[in-house]
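Okay, so chain A shows up in both of these, paired with chain B first and chain C after.
What follows is the complex of A and B.
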């Protein structure tokens, strides 16, 4: 699958990037393509481009706050989870997405 | 509820840089003023400016809380409401503080959502967006915040702060408040519970009694002890921590020193009850010592609070003792690790999400 994700926590220093790493690791381990945008303390990094979003099968929004530029994601299949869920069990999240998309 | 929590966190997220700028500027200019023999006008002016900025914190908080709920058009009504919460314009009413700012953010957000849905004739549509929403919602916020909220919540806010001041000035009880505030910060390591404690600190930050700087010092153990103690404990009791935990130890100790509690999280996720329990114990004792001795500081974020501490010896002792107790507890109660055991995963219910377009 082609997975894209956005992570954002309140402080934008630690959890945002821990969630990014957890999702990247889990996606690669399960054999998916992955790109993760972070909306941290300094703003958007590794921004998802329109091409990324067009090619994406699923968008994971791991956030505790309101995300910036949400209008980009209107036409993309997405799931929204708390940042802590992504850090604790990114593998379970992606596994569940695989199951849901198959059924 | 989830939406409310997300809005609160968004408000906190956007106001943090303002708090950091104002807090650090106040701390630095205060330090310079204390050490200089004569008054330096430029420093005094900058100090005053930083105080002006910190008084804008409730307004910025409410603005972005409203933004999280009602999007762009809610920012300014929220700002107006939050500003009124901090600066009551009507004589005889009191500042409603952060409690008021939270209300302002909520009301502004939902009022804008309501106005957007409101059907008006086509030719009025653009006027609705450019004129009605700012004037009506902004005016509504002013009226609500300046009269009922300033009267009721303002009185409540005065009551809470008066009692906290009384509590903090009675040394036989003050330590309890310090213990609670620090334990809250240690409990979820940068999460919403700790943010409530920090929000309280900023709510009383500019109180003329100086309470703000006392409770500010009281949360330092809660912020610093967790990351310091997991790092130190993992270096002492190597068999009770995983390889990656030991590798992370130096970074965690450094994070603890500069006040980034979040680096405790990986340790806490693997063994929540023992790690968080030990940290809360150590942090609350540190907080109790800090507040029991009435230590105050205007600095924020870990060691940067030290130069401004009113009693440096006790400030350091409170953190060292809290860390020592937490380390000792972890070394004692943690079980040796068998690296083959898979790490704890989130419960099934947390994965109960829907795929939407």
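What follows is the complex of A and C.
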């Protein structure tokens, strides 16, 4: 699958980047392509491009706050989770997505 | 010297019992006394506790990444310590914490580069391999080596 994600947390940095790594590792472990945009206190990094979004099967929004530039995601199938869920159980999130999309 | 490399203080055996606050106070004072960096420990403790109050930095598997600012420092300082006794941290996985990777950054200047340090640390500490290295490290040198590896992008 082609998975894209955006991570953001209320305090701005630590959880945002932990969630990025957790989602990347979980997706790669299951053989998926993954790209994760971070919206932290340092601004937007690894921004998802229109091409990324067009190719994406699913968008994971792992966030506790309102995201910037949400209008980009109107046409993409998405799932929203708390950032802590991504950090604690990214493997479970990826597995649930597989079940939903492949059933 | 690598400009991206903060100074790193390590200790594989910090003996302290008590609450999260007690542990942080002891660790911060030890870092002040032994790292060669001079700073007001009470200011750093206050900063770190304020950050913990926003959301726990205990991200699971016994690890926590407390962080805060100091008006006295001119360069960032990382302390990596292993606690002899695990401490309750209200961690995300509800497990107690026994390895701290603490980041203290200067209050003034370089906000972006300090956030970059924190993002590098947070991102890489989720790596199971790095977690295993830290858990297995038996000497201060081993701890320093793993953490400096994170910042040099190894």
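Keep this in mind: the second predicted complex is superposed on the first by the 103 of 103 C-alpha atoms of A that agree within 3 Å, B and C clash if a C-alpha of one lies under 4 Å from a C-alpha of the other, contacts with A are read in each partner's own complex, and residues count from 1 in each chain.
Simple rule for what comes next: a residue touches a chain if its C-beta (ideal position, glycine included) is under 8 Å from a C-beta of that chain, and two chains touch if they have at least 3 such contacts.
Since we're looking at a predicted model, the values are computed, not measured.
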Partners on chain A (chain B, chain C) - clash or fit: clash
Which superposed partner A:48 touches (first chain B, second chain C, both, neither): neither
Partner chain(s) touched by A:94 [first = chain B, second = chain C, both, neither]: neither
Touched partner set for A:26, first chain B, second chain C, both or neither: neither
Comparing the two partners chain B and chain C, which touches a greater set of residues in chain A: B
First (chain B), second (chain C), both or neither touched by A:80: first
Contacts of A:11 with chain B and chain C, given as first, second, both or neither: both
First (chain B), second (chain C), both or neither touched by A:62: neither
Contacts of A:3 with chain B and chain C, given as first, second, both or neither: neither
Single chain B stretch clashing with chain C - from 147-155, 165-173, 201-209 or 219-227: 219-227
Chain B/chain C common contact set on chain A: 9-15, 18, 41, 84, 87-88
Footprint of chain A on chain B - complex, ascending: 5-7, 9-10, 12-13, 16-17, 67-68, 190-191, 195, 260, 262-263, 265-266, 269, 344-346, 350-351, 353-357
Interface residues, chain A side, partner chain B - complex: 9-15, 18, 41, 58, 63-66, 75-82, 84-85, 87-89, 91-93, 96-97, 100-101
For the chain A and chain C complex, residues of the former touching the latter: 9-18, 20-22, 25, 38, 40-42, 84, 87-88
Touching residues (chain side chain C, partner chain A) in the complex: 51, 54-55, 57, 59-60, 65, 67, 92-93, 112, 115-116, 118-128
